[in-house]
């Protein structure tokens, strides 16, 4: 059975009254018989002495759909995160490891810190290993022993003390290394590619029948992960993006026909661009991957720029890095390059757009003054803000509680403000599907939950942005029709519980 | 019938299948017959042309309880916020006014800006009046005409351009002023006292049979409002509080027996103190109103300070302004002063604590070095951060949509990440109850939703804090018993949907 | 007589005892006979009532050379800035204008504000005109009336409220416009090209015999102006550059063979790069225009990068935009492009270097991870910090005092911490000389004061940087010899008073 | 001979032509005969290979007086700081120690870092000891070995890694400890009290005939040290103070009759208050120790507050901590408390003023809204900004060069932008004089250089502030006369070279 096939297979499901369904996560006990359990050491922790009911009930579930109608079925649920009365590891038996993969994101160090401190302080674990430099680090002898002391101040720094890399995933070598080192809890922090890798590791571990829990902590500065409310580092990134937009605005206002162009992160989704635009109010035009546009033609970008310059004398454009890729592709006829992780190496929309805008106004003999700002690395590398610090703490603790309780093959994250355990296949969409989804709606009306998180441009939050920037939608009526079909939620049961329409997920949390 | 009686009366309720209940908000149509309706002008707005289904269905509801069990009843719901197909005001008929009351809070200007821009851009309204200086401003002739141009940059400044004040509420004079000026939409931004005032205004308007919608936008930097996920400005406040904690930490570390003491906001709830502590990791002890403590005695504060100084040589204490009020009261025997709004003028716990700690170590002949920091005004007065800016926008637009759709007597806010309309009585608890609730649990098992939002110290988030600071709980076992009873959710139906246990509301949003 | 000739002509000079020379500035009285004088209105200003000796003595001079030997001659001096007992304009006679030219620089708005407030508050002037969009604005009808109220908050914003542009200088049209509008004080804020333009305007005005004072306020974020201690905005720029260096450091540290490359401003001088490097301590290599380097070859850049990566696993490179231009020129064989102001459009050293480094390691089959950051616009566009705000105030007031006192054809700035008036020719070096000076030392041993401010790499501050980064000097011994000759101060009399050796000018101030 | 007597004794003086005088610093060779010298290891350092003339000439001097008249005598000079051709210590002979004393100040850690790195990198020294907790630390066994690695990142943190304390100075115990440990270079970072202590240590060492160099690095966030241009941390402090002033302004503007009151550092001098006021522009009234005021009476503070509130509806007051002490003293009749260092424990002017203002308006039945902000610890504890980081580096290196060259009993700092060595007695004024100087001018016309640095309120910079805030001077004409006499520079020879009149020292630097 191929990965893609597995990915689309259903998870463990629990059915209840009135249309209640829970998509459950795997457990070590699913394939290991007669595992002993132990009482949770938290109940002897004085900090928890006043807590009424510390342990999550085994049948606590988090509902995915929050906007409901009177007589709706109850719909999809996820297993609630948190500590359990019984744990499946003894404190001194645990040998955990942590690995960070992919690009930088504010909060990585806080997550590392809190997995370590969570294991030490709550469960009395004493062996936590840092794998250095991403998945590749599993085959290297260069590891770091992590203790509460060694991680004490790391949350005040950007980046990841463990180092990171793209790609380098070799399932069987990784699982060999896990076996050889005697590791029995694996914490994997990374984006969708990384989570797909984690799924493969979990499957191999299950095949070999090892008592090793695999917990994923989803990391994507772009916020493009489905189901969970927002990804860590997103708030910090939107905050930091304000600096670049402010600079672009000042530059644009200070000259005649000034254009400030800011490229922000977002390969497949425009959340950062959209939220940074909504927060700033100084942006005249926001371009995202989800909403295609053309340069030439009536009502299209160049015409809009001309119009806005004529009205205001200057303008600010924010563009997500993944926007307009079809246009670049068209004009380049070559999109074959790939970077190490297999994501296509997107050609720089910012530089491309600068060039096209300058060329256009050169042709029309209008003198403009375009300033292009790419703050990507300056955003990625800052330490997380207070809100993300708290969020990362809760994420890390949820992962630790889950692994101690014997769950495996799960990612963790907030769903409607409550932390839950989510099967890998729901969050981590295979890359080939992802690419396909960008242009065509392959799935018809099935499994909308498996789609990556995208800005739904046929819904209200995007309309609110258009209204605030007063930019045209750039979409033809046929585009709109296509989009409407694509975004149509297939059935009531699978309705998108996140209701991205009126209420943007990114701010919602633990 | 007294205010207190009314406050406790049930709202309009809608009953559905499987235990579904919706606490609905009033509507102008409830007391005005044959009101004409108009089609929503948004449907002609080009920004919304691509939107599939812009209008919220009339029976959309937001569920209060997100953590559920398989066969639970569906529980409490609120009316979903958003624009409706039919509106009850014509654009050129609307004459709106905005007033800000109470203390400063980051985001006030953003809310003002977005009520104005929302009314202008989405509904074509042209008459928006700013009432100057809080409720008192209604009887003054000094008002400000608000236009998108005049409010364009105000979100970049702290404070409120309208000015604010405490108290000054005279229901009938205010309603006279509303009638005299021909105002028909009233947007009231303020804390719980202010929302109680808004409820009185709504009742008087209803009594007079006026076609005037009253919309409340809850403001409390302390996050102490029930039901909604978090209040605006909270994120910004927690972020800004980090500076003070950092300074206290540096001061404490640089001297022998250094103690850094930081007072943060929070009269009745310790959310800011708790989140600032969790985000910082440099705090050794966090004191909040919800968890009482003693200075002297085994396991109490002074003993803990001695212990921590002996171990580490320095420590950082964060104290919420409302913590330890019983102790001060006891030692002062005079708590009769009141400030203008009727809140008791709490004596400064920070100065009091500094004094007591110094006196203690003076007595024990241990030389300490205590530095007390009160960053309150420096926190309140900053502009809102990006996350709060987006949040304020959504809040303001929800209020505008609600008023245009004829709803009245409501506040608006996110419930589990979805914006909803909430009847006044749920959020705004009478002051006498509030005070009562601080010490005694008057209500037994009824109407828990009417309680202000408090840190539930018998739940996990507080235990997590205790675990991270490694401070004692300071509670005796009888205290704990009492607290457990108090916090006990009375019935399944009225279960606290916010599940504060594992998942802190403050980060959750629109 | 050509401009270049004039530029090299001596100024008015005053000779005193023991080798004392003062390079004086022109005065309206030099070419206008029988000008009436008035008593300075400041002496009736209550704010100055306590001042003992408010007016600068006519023979106060600021010494250029501060490091001296026992029996040295006294050397060069400049006229001290400040208010004079007699002024040459009546308050209601003054019609001032302000223009800003060239690129953005933190502090422009503060200078504008303080010229306006200085004229209003100190001298009772009521007519101040803002010329919009640089020199070109003189021929446009679009001007702004400037009042203390209209400029009250502008210092909190980046950019310039007057707008700016490059080039557009037409001496006779500008002077026509000055005559037509009845302007009699011209404040010109801009870099060396702008100051050369100001010199031409002054000469034309003198030729026409107009009573118009021309005051230059030197603006260059690069700090490349001779004689004065530092230029405004420099401090802010170095501060803001730290963000980019921090980000580069975090990115570099988080991956294997990570290289963080940051391009900073500095076409002809490396002050920003050097100070940002010294302030940060995270930089491994700093490249500036004044110190040439090669890519290939023993002890050159690529070898150093290889070595540092081998030792540390990562490195941070800071490069000034004007560094390595010869290398680019060589590899491009085309440096003919010019931008509107006539500066050659330097090809981007940052992108070029990124490309070359990647290509090199690609060839040697070493996998590296290079992140290139160009924070230029994000630095230029921030508001000035507190230190620059105070500095800009003093600059603006010095200019106002000078013009009121009838001086003209001068720039103003601090020399060894005291504000002085400096003849245009000393600060503003003709462009062709500038370019020449980059590669060859045309002047032999004459007129070192006319050279632009450069980092003197044969002196101690640069050695200190090399020592702190532990980078090689990249210079061959013949390079060093050449540099030593070039930098040799010609005579004791003309010794560089700024003593850049041990004591960097940029921090020195008013 | 008492300390006070010694303090006033003349230093070593060198006389030259035309009125040239140099106040020289002591040298180990003054009391130790036949000391061997060594060639400076810097000349073999590759970083310095390109340097033309690295070593400072023995007769280089820095002139104190920069504003001169044509035929003035040359005046006072100081020995120029920098490396010398000959050093008096071999690298492996050096055993240095560093101690930090007094209150926190941004930049302490940078100075520590750079003394360590300077000794290691430039001179190959390998033994540097950190004394913990101020002077007291000399008698404790708890010291820290300092290496470039251990201090690598400390400049990014506020405070001092060595810890600090007030008082605890016991000369003979300290010198015993120095002898016992075999220390031969002592670096002492601290304020005027600390520098007086350093002078005593130097004298005892000289008396015992030890080969131990004592170097002082002046630290005072208040900038109240005479002769040097500004003290480190001052820029950072003024910058950080802007936050508090902004907050006060927002609070004041948002209410009726709002008064924002900010207390800033400055026991004996008002530099921080004055510069923060000049940088901000939002301040209506600035009160400093140098300019006395009264509450009641015509033209005094309360009347001015009433007037400004009537005009503007709000106001911002900045008060230096040492302002108005006579008033408090008068109203308290008890100023006998002293803190550990012997400075009188000034009663809090901020709280006192708040109380008095409230009481006054209470009496006059005007409702005001006063918000008091004390940001002291939040300012002191921040890390130094980029400008201070560079400055601290130069200070530390100057101290290292001086000690290596055998100079002792000196402090180091920039004079007119050039670093110089200054005899202790010039910077460190005995405390009793200091106090005396506050009220009475004891000295008549002698030794003005020995006075602490104060804002000279009879000069232009203060007038400029009064003009910008438009506040009255609060001084009676007799006050003014007295001040004028007090500030009168006694003779031309001893004229205050810093010319504080028009050009504020604080920004001037190395």
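Order as written gives the chain letters A, B, C and D; numbering starts at 1 within each chain.
Please note the rule applied: contacts are C-beta pairs under 8 Å (C-beta built on N, C-alpha and C of every residue); 3 or more make two chains touch, one makes a residue touch a chain.
Chain identities (UniProt): A, B, C, D = ATP-dependent 6-phosphofructokinase.
Remember, it's a predicted structure, so these values are computed and weren't measured experimentally.
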item	value
Contact-graph distance - origin subunit A, target subunit D	2
Most distant chain from subunit D, judged by the mean position of its C-alpha atoms	A
Listed pair (A-C, A-B or C-D) duplicating the B-D contact set, over half by residue number	A-C
Cα-centroid distance, subunit A relative to subunit C, in whole angstrom	46
Whole-Å separation of chain centres (CA-atom averages), subunit A against subunit B	30
Where subunit A touches two or more other chains at once, by residue number	none
Touch relationships between chains, expressed as pairs	A-B, A-C, B-D, C-D
Contact set on subunit A toward subunit C in their complex	104, 133, 157-160, 163-165, 243-244, 246-248, 250-251, 253-256, 260, 371, 373-375, 377-378, 380-382
In the complex with subunit B, residue positions of subunit A that touch it	14, 16-18, 20, 22, 45-54, 56-57, 59-63, 66-71, 74, 77, 80-83, 113, 117, 121-122, 152, 155, 229, 235, 238-239, 241-242, 275-276, 278-281, 385-387, 389-391, 393-394, 397, 414-419, 457-460, 462-464, 466-468, 470, 472-473, 475, 480, 483-484, 487-488, 498-499, 501-505, 507-510
